[in-house]
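Shared between the two complexes below is chain A, which pairs with chain B and chain C, respectively.
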Partner chain A sequence: MARTKGYPEALDKKLADTRLYEDERHPDFTKTVEKVSMTIPHMCFQCGTCTASCPSAPRSSYRIRKFVRRALLGLEDEALTDPDLWLCTTCYSCTDRCPRDIAPTDVIMAMRNLAFKRDIVPVNFLKTVQAIYTTGHGVPNNDVNRAARQKLGLNAEPPTTHGFPQYVKGIQYILDYYELKKNADRIVKEREG
Partner chain B sequence: MREYAFFLGCIAPNRYPGAESASYKTSEKLGIKLLDLEGASCCPAPGAFGSIDLDIWYAMAARNLILAEQMKKDIALICNGCYKSIWEVNHKLKHHPELKERVNEVLKGIDMEFKGSIDVWHLAELFYDPEIVGLQKIRDSITVPLEGTRIAVHYGCHLMKPKKERHFGTTEHPTWIEEMVAALGAEPVEYRNKMLCCGAGGGVRGYDLVHSIDITNEKMINLKEAKVDALTEVCPFCQLQFDRGQIEIEEKFGVKYGLPVLHYCELLGLAQGMSPQELALDLHAVSCEPFLEKVL
Partner chain C sequence: MAEKKTKKETAPKKKEATKATAKAAPAAQKAPAKEQKKARVGVFICHCGTNIAGSVDIEDVQEYSKSLPDVAFADNYQYMCSTPGQKKIADAIKEHNLTGIVVAACSPRLHEPTFRTATKEGGLNPFRFEMANIREQGSWVHMHDREGATDKAKDAIRIAVAKASMLEDLFPKTVPVEKAAMVVGAGVAGMQAALDLANAGIKTYLIEKNPTIGGRMSQLDKTFPTLDCSQCILTPKMVDVGRAENIELMTCAEVEDVEGYIGNFDVTIRRKARGVLTPDEAEAKGIVGGGCNGCGDCEGVCPVIKPNPFEMGMKPRKAIYIYHPQVVPLIYTIDWDSCIKCGLCVDICGDKKAIDLEMQDELVKVKVGTAILATGYDMFPIEKKDEWGYKKYENVVNSLEFERLICASGPTGGHLVRPSDGETPKKVAFLLCAGSRDNTGVGKPYCSRFCCMYSLKHAHQIIEKIPGCQPYLFYMDIRSFGKMYEEFYYRIQDEGAKFMRGRVANVLEDPVTKNLIINAEDTLLNRPINLEVDMVVLAAAVQPAEETERTRKLFGVSRSMDGWLLEAHPKLNPCGTTTAGVFLAGVCQGPKDIPDTVASAEGAASAASIPIHRGEVELEPYFAQCIEEKCAGCGMCVNLCPYQALALVEKDGRKVMEVTEAKCKGCGTCGGFCPGGAIWMQHFATPQIIAQIDAFLVGGAK
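Here is the complex of A and B:
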């Protein structure tokens, strides 16, 4: 980088964090995100309509515009290790308002998929997987609810995998096919012992 | 009588059974019969599963779709989250042959094949559609008009957004559910930033509860400002977030709102003469009494 002679050292230090280093960039990351998300982050001109529409932005440091920028600069590590990645409520307001026809929400979803491949995932996501593997439901039935259902004249168990548990096998087959249960158990065990 | 396979999801049958029960009874009065979709599972949760691996999300949702394909019935459902999974995966698999092939390759192992022979509907859109039910029929079915009540509507996100993929028109200021509320004799009320998310989606409720209910709190502030008697929605997950969320807001932020939150089917049930007991309104975290006193 060209430098002015006698460039003040303090400023140099201050700007160090904002510089983009070539070795942090992974062009493949941009391509993978585009493929998984089926959208076009490279069209982004950084207007910020997405962040302005975001319900998570006013109450956190989560900036969706930044993630789209990271997608197209190929800043894989920076994007995937940022805990803010998991603050998107997937409300799709940004997607509806994007003047470049990008779906920033889907960019986030693709990045989360790629993060999971590196075991970066909050435990609550995996617990939903475990619940579905056992019962077929992410929010399973309980005794209070069973009693209430019967009072309403419904069966204590709804006619889903709860009432027909033989169907759970098919669900377990799909999750085992992708080794999702195995990975979920392993990661939860690593985190919680 | 039109027949649909009723996809229940998780939260309606397992937390708000009154909404499930009301769906059967109210739609029957409007000429829609909801049939059991035996062996259906979680849709699966678009936030949790979509975030982990979209391919697994496609395959799991396809399994639910195939169950309805085998019944040769369109699916009707009452939850926006389920709509996102079931409608969107159906749509994607129909329009992306290579995706469909990938999913069918997995499902071969359990002798299932996605064909793409059915459609998916939210019960609310069937109620609104004049060719199926329509506002007039809703009005004619009412025996206890909800006169003198002010009701706000929360649309939720995944029913209508992203608008380019859906068929509901504007997502900035829709009014069709307000029309359905007015059909019950109540006064629909507008409030600030109506289309704001409830805060529960995308796995955020489980990941960071305080962040999640802070979004809910913003909605509650706007609703309080509009002086409404109740909030209605068409998504049990939003319902959970507003209903139990108010208790959590009280615990974490020390603010109490006491705003009753009812699924549109529960509201319709009340207006069609169902009792609060038949709707299991006592299971709601926030008491519906103040609203019921005005109505009954």
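Here is the complex of A and C:
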């Protein structure tokens, strides 16, 4: 058995029915994505300029063109459950070059928001939320940075919530208002125990 | 035969009637319409299948129409434009003794002529017909509002009835047509159109801004899908144009001004100073056996070197030059911007005395009956899409530059080389839809239509000429829709061209090797591509030629949203324009390959020859009329008229205004202005329009 480990499962996957069925399509999903993103994924003609512009695509399986296609067809589950959704760096190169004047980045951002409503979000994103809540920074200052800043003649702490910690409260107020921190804590706890 | 007969019958009547209307018009102004014959209007409502009936309650509208004042009869039918529909109108006129007809249907643009004919067949003057548009401006825009669409249809009919009850008999004027035509632009479209017109026996003025005819086609190396040498098939036509007796060719010429109307256009042409006399011009000046014979001695001694625009700037020319050896006419031209007037050319030309360094532009006036615009295209400045690096990286060229580089008569003698180092490329990428199908506002939203096919041809040419050279075609769709085009696509794929289905995101340059790195996605494999090539060819979009805008304004031709000239109807009248007597040929109307361009040119020539062969055209009788007893002779209208149609004349010892009917376009400028209300706009007379406004604001069923 050990020698064939993984093979039957892999074969099952290959033999699965991968046809596109009409009941997978949710036209409302297309409309919701368009409303949230304020752009027009239904106008995509699949030229691939977005994927070719993407700094993430050559390094991962992330294909933004596929997500725009899913938005166009209303393939909600396929789009929101694909972990690739979280590999966009939001550099907006695709948005700059799209010949159909779609903003693919905004389509991704809309889908991320919709996924979050279903608790589908990678833990590292939630930890960023927690870091912002405590420090006001997604990437807080550290000793290496502090040393580098001082070497350049700058204050060790930048003039942000690091320099003025009293303003962290305001950020916390916003995150509390949208229950972002609460939800992040809850999901992290569910995942990591 | 039948047509001739009616003509003969109506001809004598026409004259009498025109006189009668001129007098009847002021009479109508003085006396209210009711004192004339009591108006009896017939209303016909069209279902247009479900186009109208789908959102308008036809029965309700018909009942309403019957209740309107002056309506003697109302009816409806599935398709009023059909033969039975038209017969209903003719029959009702006789049966109910109608004096005016209203058809509530589509737009007058579409079917006014149809229903006017039907009205005429019923024995009524065709101008006693009025159309109510309840489709384009009714049912179509209020598709989901039945009640609103029905109410709007009632309004439209009420207004139309108000006018129809006051319409008068009008008689179109016929004017003779000058037996000559003009073609603007001498590319393949203009040449074909001019040859057709000339062969049909019509004197044709062919105007070309460049020193030679031939246009874009003469810059191409080969033509798809047959791979004929472009020059080889074009040169005979160029020679024919040069020789045709009926063609008066004017190169280095531009249209300066256009006046008049169909049948009688007065066109002023600026013949730009060429600096060189043709043998004919020389003879006219008394120089025996002189004039330019194209020997080229002048070019040999000229010290000024400039880039040749015909070679896309990749080959030098002198300040006195010809574009290429096959130019028609073979006459040298001086580029005044670079000539230093050293006089060396004049000396070497000697007794021929062909060169005149003091030559001035000349204005020539010609009269033509019809005109064809064939102004062609320019390449879109593809450097505006900076991600592809045109004009930034040396080895990125556009497709017209590629044509010159691969052409046997081009700057490299047909040996394709990289501009950076003169090396033969081994890998060439073709970027299709470069600037076409682009909705960003930078490029062009339309498909440029011939780039797919010429890129296939380019791929073939490099495979044929450079053993081991690999073409890559980056495409979104291959549009090979013409005769033998799909077969050509098959052939090129079989020859080894690689088709990559993906639009190129950006092109980068290796600063050392000057090679280019292409980033695209193979959308069929779903994988990003990183490809290093020696050369990139951008199949750039095309756009209307620079001078198109100025020329179209002179001829009063509209343009569509994308900048190309607007045809009268995209399907049923693609060569005509909304200006009578002006036609379109070739790419100026929209991107076309050579077969389509030639076909459109022949269509335009045929259309342009019809009024000339008929010898006369009918003008719509919408001209202004002066009510002489009211005219104070102030003459203010004379200067307002945009068409120079008005003049002050002496009559019975005082000055009154007089209209040259053939010049009047019925714009209404004078009629709206006249302080004494002394100008009667036929068919759009003040009482008629007031009646329409009254009907809309206060009218309605009792």
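Keep in mind that, in the parts below, the second predicted complex is superposed on the first by the 155 of 193 C-alpha atoms of A that agree within 3 Å, B and C clash if a C-alpha of one lies under 4 Å from a C-alpha of the other, contacts with A are read in each partner's own complex, and residues count from 1 in each chain.
Everything below uses one rule, namely that a residue touches a chain if its C-beta (ideal position, glycine included) is under 8 Å from a C-beta of that chain, and two chains touch if they have at least 3 such contacts.
Fair warning: this is a prediction, and the values are worked out from it, not measured in the lab.
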item: Chain B versus chain C as contact partner of A:167, first or second or both or neither; value: first
item: Partner chain(s) touched by A:158 [first = chain B, second = chain C, both, neither]; value: first
item: Partner chain(s) touched by A:27 [first = chain B, second = chain C, both, neither]; value: neither
item: Which partner, chain B or chain C, touches more chain A residues; value: B
item: Touching partner for A:51 - first (chain B), second (chain C), both, neither; value: second
item: Which superposed partner A:86 touches (first chain B, second chain C, both, neither); value: first
item: Contacts of A:129 with chain B and chain C, given as first, second, both or neither; value: first
item: On chain A, positions contacted by chain B and by chain C; value: 93, 101
item: Residue ranges of chain A in contact with chain C within the complex; value: 43, 45-54, 57-58, 63, 65-66, 93, 97-101
item: Chain A partner contacts - residues on chain C that touch it in the complex; value: 387, 433, 437-441, 443, 476, 501-506, 519-523, 526, 528-530
item: Residues on chain A engaged by chain B in the complex (per definition of touch); value: 36, 55-56, 59-60, 86-93, 95-96, 101, 103, 105, 109-110, 112-113, 116, 121-122, 124-129, 132, 136-142, 144-145, 148-149, 151-154, 158-164, 166-171, 173-175, 177-178, 180
item: Chain B residues touching chain A - in the complex, by the definition given at the top; value: 8, 10-11, 13-15, 17-18, 20-21, 36-42, 44-56, 59-60, 63, 106-107, 109-110, 112, 157-158, 161-164, 171-172, 195-197, 199-204, 206-208, 211-212, 214-215, 218, 277-278, 280, 283
